[in-house]
Each structure stands twice: as C-alpha cells, then as structure tokens.
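One chain, chain A, links the two complexes that follow: it is found with chain B in the first and with chain C in the second.
Let's look at the complex of A and B:
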C-alpha cells in the first residue's frame, strides 16, 4: 500500500466512516459523547491556529465560545428567529469582537498576551451576568422548542463543521498565511524585518480562531438548548480545557486537536464515572497534563514517533522479512 | 546617487545617547562599512534605518522618501533587508521554509516563492541543507541562512550586521565571496557592520567610523587606516604604521 496515498485519503476515509456512524444504532449517550468530541475538536483546531501555529497562547477562548453561544441565544430570545441563525451571524459578531480584542491585546507579547486573554474571558462572563435585560443574567437563555429530539442531525451538523474546519485550517496553513503565522511564532522581530506585517497577520489569525470557536459556541446553544454565563464562559471548563486539548494532542499539528478532543472527552467521562475518585477528576487531569508536558512535550501527535517508534519498527521489520 | 541618506540622527534611550547627530549617505552599488568599538552605536544605527527604532532627532531617507517613521515590514517592502548580529533563524522551520517565508513578500503564489527560494539557496550554497531544521545548522551556515533570507525578499539594499563574527577562516573566505557576489551579480547595495578588520578593509569601498555614538571619520579604507583619531579610538597603533 502506498503510504503517502493512504495519508492523503485518511481524512476522507475517516469522514466517510463517521457519516455512517448514526446508522450503527449507538445509544443516545454515546452519540452525545461523539458530538462533544467533534465540538471540542473544532474548538481545539481553532485555538491551534492562534496558539499552535501563530504562537499567541490564549487563555480566554471561553470569550469567543460564549459570545458565539449568546449570539445564537439572543437571536432566539430577542429577535425571535431560529437559534440556527446564530451560526452565520456569529461570523460577523466574532470578527468584530476579534478585531477589538486584537487591537487591545495583540500589542502585548508572550505571557502578557496570555494574561490579557485570561482577563478577557472573565470580563465576558461578568458582563453576561450583569446585562440582565439583554442576556437574562444568571437565569440563562433556554430554547423552549428543540429542533430535533434525536441526535442524528446534530451529529451531522457538527461533523460538517468539524470537517470544514479541518480543511480550512489545512489550506490556510499550507498557504502564505501559514508560513507567516509560523514565522511570527518563531521570531516576531525577525519576521517583522523580513517584511511581514506582524500586527496584521496576528489579527487575521485571531479572527479565524475566534470565528471558528464562536461557531462551535453557536452550535452548543442549539444542541444543549440552554446556556447561562457560568456554562459558556467558564475559565477552567472552557479556556483551560481548550489549551489542554491542544497540548495533549499536539500543538501545531493537523490531527493534534482532534486526538486531544477524543482523549479529553472520553477521559473526562471515564474518570467521572469511577467510584470514590471520580469527584477528583480535575486533580487527575492535572496530573495527566503534567506527565504529558514532561514526557511528550509536543503532544501525542507531535511525539508520535517517540511513543510508538519502537513498536512500529519491530513490526515493520517482521513485515518486510516475511 | 545616494539610496539612503541618514540626516543628523540622534537616538536617546532615556538619558543615554546611543547616537548623536550622525549623518552619512549610502550610494547605489557600493559596499559601505560601519565600524567602531563595542557600544559605539552600530547596531542602533541599523535599527534606526530598518525601522525598529524611531530616531529621537533627525531623519532617514530612502530614495528621497522618509522612512524613519515607518515600521520594519514596510521598510523591507520598499527594498531594505537586514540580517541580525545574533542569528535569528525561524528555528522550528526547515531551511527552505525559512527562505520561502521571506520570499512570499514579493511572490504571488507558493510556486513562485519556492522558485525564488531555490535560486537563493543555490546562490548561498545552502541548497543541499534545505530540508534540515534551521536550529540544527552550524553557526557558519546559520549566518548564511540570515543572508539567504534577506536575499529572498529581493531587496535593493542589504544591511549586514556582523555576518562574519564567529566564523573560521575558511567560512570567512566563503562569506566574503558571497557578499561580493551579492553586489556583482545581483547589483545590491550593502551596508555592513564588521569587527573583522581584514574583512572590512578588503571589501568596503568606503567606511564610516562611529565612537560613543558619534561619527568620527568617513573615507576609503586607506584613509581610515591612516586617520589618527580612528587609530586612537579603535584600530590601535600597529594598524596605523
């Protein structure tokens, strides 16, 4: 089998397999988990554009997610149209938000940028809690009539979003933009003196990342049918988990955020269901994260060779000798 | 014809004057050496010309256009490329990708950027190393990669900041050859900072000497070698003899 050919068609093969998943008669719980995995893979890939490729580590992606979710929610609540309109509308809203945030935060570098974004997520949460007339504050927004009770269509929609995100990111990263993003990550001053308008390209990166995260948020509103500030703007459950998804899977790789999403979502479910220690799942997550940073600093995909190298080479030898 | 005019540039960092009232011209097609003891303000001068610093007083012109209030990326787009004294390759990118990233400034698409990059890599003798991650290159080649990246932006002027420092004699000779070729084959004007007296004396057409942020002399290498204040500040007695 031609290895590079396999590599080229692997995303397509996986996509087709996922297309038939709803016909396999999985339980509604498992479908829910799969939908969450796909949603997290979108958020992870979005973060990866900014944090992995452009090197601007954000601890505030909850802001984008939450604003996306609230865009859908407010359209339903106040404009009284379907919350699905949130998906296209949040592209505009998130672009504007990203431009505003970029103007303020992107003049900061490294840890200072990370701190500014950390504050940003919290600002959004507090704002959403207090703009009671607009967001209904801590009462939250609830969609009273769900689009579908069955999960099949939700699954297909998020699958399309995830696949679209994958191809969009791949095309972007292999284009001029991708080269510029990585150049900025590696050395901002050198990039600037090579004629790269670093402010402009960092802003573009932030906009792409923000819009994709917002779309995931708008989907979440439609899927879960209920949001409140604590659910869509949390620091730990969103901002930090996003960073973990990418770090565990492998930053600046195409598959890293996807693998990371699979591991993190399943792991969270498994650990939570364990007797006695389930309540300590955040502690266990922390320990896992420390181990991964120590032993696999480039994530599972980034250090894949290190992880399975010995096994593969043994298997390969056996295969060729027979 | 002068391509770059530096007019009465002063640069202060708080109370410290890194440059005081420095003026000189860079003429088309020449190699102009910028020398001086450590801390004389040579790299600061580069940072002012390149746009990293705005001069406190004075102006820099490129082809009669004021560039001293522009950002580095705009200055580079106009045709002024630079290298760094402490090499700054984009570490986790291959040598080829490093050069492609800078070639994109004028290339319309990736194929064109690759074409430019292959030319530049062959020109600088890095073609065989193109797939190596740049953090794995030895210093001599990293210095050449700096030059290759600057060349890929297809500049009219190159600012070379100590491109010879830390090289062994063989590498120095190769590097001299490349710098000479940049002028003779590509017609690029060069402003170069260098401590290596043998190198600077042999390749420069003219030399500007800085000391404590002030210009103390300007002239041909021969004139500079005989100038008493330069000898006192920098060269030492044996060079003057």
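Let's look at the complex of A and C:
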C-alpha cells in the first residue's frame, strides 16, 4: 500500500479497529484498561494544546478534571438529573473557569504560570473538601444507580470523545490558530510584535484545554460512579501524571499523548500488581520522569529518530512534524 | 476581653510560625534567584532532614536542636550532588517543553516522598522531647494582667534559632566572597560571568545552602510538629507561596513574606476554620500574583529608589 495513503488513513483505521474491539470478547478488566487509556489520551491531548503547542506548562490540570467531575456529580446530587448531563454542562462551566483562571494566571510567564496553576489545583481541592454542604466534602459523591454494568457503552462513549478530541486538536493545530499557538511558544515577544494578541490566544488555548479535560472528568464521574476530592484533585496522580503522559509520548505531537497514555496506564497497572514493588510505584514514575527529561526530552514520538535510527525516522517525521 | 486575648494569641503564634516559614522560603528564594528555577522538591528535602533528626533522636537521643548541626551539612552535600548530577546536565538538553528543571524537581519530590513511605511507613511520628509542652504565661510575670497569654517554649526556641540562622545567612551573603558572588549571579548572570564569578560553582554552593537552610527549618519544626512522608508537598507549597509574596529571588522579601503568611494562616485557622488554612495560603498567593506581581521586594525597591 502507498505509504502516504497509509499515514493519512491510519487514524481512521485505528478508529475502526477500536470500534470492533467490544465484539472481541475481551475481559472486563482489559476493557477497563482500554477505557482508561482512551481517557488519559483525551487529558493528554488537552494538556498538549496548552503545554506542548502554546508552551504554557500547567501543573494544575487536576483542577479542570476535578471540576468537570464535580459538575457531573453535583448535577446528579443536587439537581437530581442524570450525571451524563455533566458532559454538555461542563463545557459551559469549564469555559467560565478557564476564563477566570486565564485572567489570573495568563499574565504570568513561564515558571510563574506553572506555579499559579499548581496553586489553583490545590485551591480547588481544598474548596471541594471544605464546602461540605455542596460537595459532601471528603465523603465524596456516589452515583447509586449505574447506567450500565457492562463496559461496552462506556467504551464507545469515551472512544467517541477521544476520536473527537484527536480530530479537533489536529484541525485546530493545522489551522491559523495552531500557528499562533506555536509562535507564542517559540517567542512570546516576537509573536506580540508581529501583531498576535498573545493574551487572547493563550486564553483560547487554555479554554480548549480546560474544556477537553473537564469532559474527561465528567466521563470519569459517570464511569467510576464515585468521586471525592482526593481522587479527582490529586497533584501527583493527576496533574503530574498528565505532564508525564505528554512528556513520555512526546510534547507537541499528535500521537505523543496517545502513546504516552498507553505506556503510562499499562505501566501503572503492571507496577501496581507486582508484589513489594507496587508500593513504590511513584518512585518508579519519578525515576522514569527524570530519565525522560535527561535522555529523551521530546518523548518517544518526538525523539523517535534517536530511538530507532535515521531510516525509520525519516518515514516517521513527515507524519508527526507539527 | 476574651476576643482580644484570642486575637493577640493568634498574632503571636502566627508570628512564630512565620519566622520558621521564612527559613524555608529563604532557601527557595536563594535557589530561585541564582538558578531561575523553582525547586518543587524543597519540602521533600525538609522531610528528609526531619527524618534524620527523628532517627538521631530515637537511636542516640540527640536533641533535635543539636541535630541541626548534623542534618544541615548532610543536606548541603546532598543538594550539591543533586545540582551537579541531575540539574546541571538537564540545562544542556534541548527540548520543546520549557522548564525541564522544574519538572525534574517534581520527579525528585515524587521519588523522595515515596521512598520515605516505603522505608519508614506512612505513620505519623513525633519526637517526644521533654520540654514539648512547657510554656511561659503572662500571669507569671504580671500577676494582675487582664488577659492571659502564653508563649510555648519549643516554638520560641525554634523561632530564636531561626532568627540566628537568618542573621548568619545575611552576614554570609553580605561579607564573604562566596556570598557576594551568589548575589551577583542572582542579579545578573552574564555580568557575573564577565566579572570572573565561577557561576557553576556558585550554583552548586547555592543549591547546597538552600537545602541546608531547609534542613535547619526541618530540625526546628520537629519538636513542634509531627512527621510523615507526604509532608513535603505542604511545605513546598508554603515555600513557593512565600517566594511569590516576597518577590522572586529576594531574601529580604522572603523573610517579610514568611511573617505575612504565618500571621495570615493562623488568622484563617482561628477565625474561619482549620480546614481552610491551606486555602487561605493559596488565596493570599493569588492575590499577591494579581495585585503585587513583583512581591514585597518591589515595594522595598521603590521605597529605596524613592529616597
């Protein structure tokens, strides 16, 4: 088959293969892993828009994820409608939240921005813990009647979200907007002097990133059926893992977050299931993070050439160059 | 009168807490100034120092205040090692994502706190020093005092030692050659290079001193606080909040910022609720970012220039 044709249709082929996966009779556990991989790929793609393409490294994506999850949970708890309404409603909520966060944080640059987002993530967690009447605090919110016991439909929904995210990000980055984002990442002052309204485009990037992460969060609420502040707002297990997903896969690539999600989810499952070593999974993640930064700073996709050699990388580069 | 008593008591404990916070932030501000990175493993270095003090007390009965002299040099060497073998190599690595070094420190924080959990279990520990609950009371000195105030002995002792260490640091930064080159590097890296400052060595020493300072803070916190492996994150947050309030890389700002945060936090804890104290910390952080981006240091600077 023609190589360029293959590359063009590769996402579609993978999508179709994934469509038939539920019919292959996989065990419920494997389906769970696949759902987690897809969910993490959505979060990774979302982070990548802001961190990889626009260059604004965020340590607080747990805030978006958690608020998305709590939007769904609170709709169920207080408004008493299906938590699935959280998916559309969280678009509005997350846009507002992103605008607020953008107003505060986007005037800051570089490490300051990262710190501010980190703090906002923590603020969200503490608020959720303390507003007991509204969020039930550390008791968490539980959906008492699950939509489906079977995982098939959950899988299709997250597959749709993941595919939608992939194509949205691809279209976005290849549009004029994407070039603005990359210009801001490469040199904010130069972008500004070329007449790019950097604050506006950074805010747009943050909104897209926040909304996509929030949708993943709302899905998580529906899928797991239980959330509490420690589960949806953790620093290491969510915010930092998001950064790791993108860094392992490769920042500013379309496939990076997907590859990263596959590796991180499987790695987490394998490490946690090992005896003795399981307790030290954060150590292993930390060591992996350090090694990736030192030896593979652009991730597996970004530094594919370093890994596999120049021949294949030439073939690969055309596909992934941003 | 009870209200006033509560207010003054809160103010005093906030002030004492702030003095110790300032010590944590000083190390972070030094590192921030010279290296232009935020060390997000700062609190975890403190956790390591606290475990050193804890084990020294458990096995050899060494008083936590004495173990300052052991933990600080150990962390100094440890910090220099981290800078030399982990952070310096990363500076040369080219990548799309900026702030590689900051993400690196996050990785170190994960490793340290998790290893502490694996080796020392997640149990809360404290050092049962004999003077832990002794205190001075106002009524002891002034019999007919209308209000009753108390001053805890370990808190006061920790505060005083913290002040002594801070003054020592000031003298070091102001009088010695090394201190001057640290300040020069933090003001202008290129100019310092041109003036013949060995920037790499300065970085090494600065990171070491930053770690040693936080080790001191850890040892001073041991008699008044409890110890658990995940404690690092909380104090890292304290550190960078103060660094931002005080102005990035400013040591004077860090001291003032530490006092502000300490007082603000005990006020939130007393008048709003214990659970909200961390939120108060971050709210003041966001307020500082929005209304005073240069931190306290910018006020100090404009005052000085205004004269």
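Quick notes on this structure:
Quick note on the criterion: the second predicted complex is superposed on the first by the 309 of 322 C-alpha atoms of A that agree within 3 Å, B and C clash if a C-alpha of one lies under 4 Å from a C-alpha of the other, contacts with A are read in each partner's own complex, and residues count from 1 in each chain.
Following the convention adopted for this analysis, contacts are C-beta pairs under 8 Å (C-beta built on N, C-alpha and C of every residue); 3 or more make two chains touch, one makes a residue touch a chain.
Note that the structure is predicted; figures quoted are calculated from it, not measured.
Superposition of the two structures on chain A shows chain C fitting alongside chain B with no clash.
In the superposition on chain A, A:194 makes contact with chain B only, not with chain C. In the superposed model, A:179 makes contact with chain B only, not with chain C. Using the contact criterion defined above for the overlaid structures, shared-chain residue A:21 touches neither chain B nor chain C, since it reaches no partner.
Using the contact criterion defined above for the overlaid structures, shared-chain residue A:142 touches neither chain B nor chain C, since it reaches no partner. In the superposition on chain A, A:33 makes contact with neither chain B nor chain C.
Touch counts on chain A: comparing chain C and chain B, the chain ahead is C. Following the chain A superposition, chain B and chain C show a smallest Cα-Cα distance of 7 angstrom.
Shared contact residues of chain A with chain B and chain C: none.
Across the complex, chain A meets chain B through its residues 174-176, 179-180, 182-183, 186-187, 189-198. Looking at the complex, you find that chain A touches chain C at residues 51-52, 55, 57, 59, 104-105, 107-108, 110-112, 114-116, 119-120, 122-123, 126-127, 129-130, 185, 235-236, 240, 243, 247, 251-252, 279-283, 285-287, 289-290, 293-294, 297-298, 302.
For chain C in complex with chain A, the residues that touch the partner chain are 36-38, 86, 89-90, 93-100, 102-104, 106-111, 113-115, 117-118, 233, 237, 240-241, 244, 248, 273, 275-276, 278-279, 282-283, 285-286, 289-290, 293.
Within the complex, the chain B residues that touch chain A are 50, 52, 71-74, 76-77, 81-82, 84, 88-93, 97, 100-102, 104-105, 110, 113, 149-150, 153.
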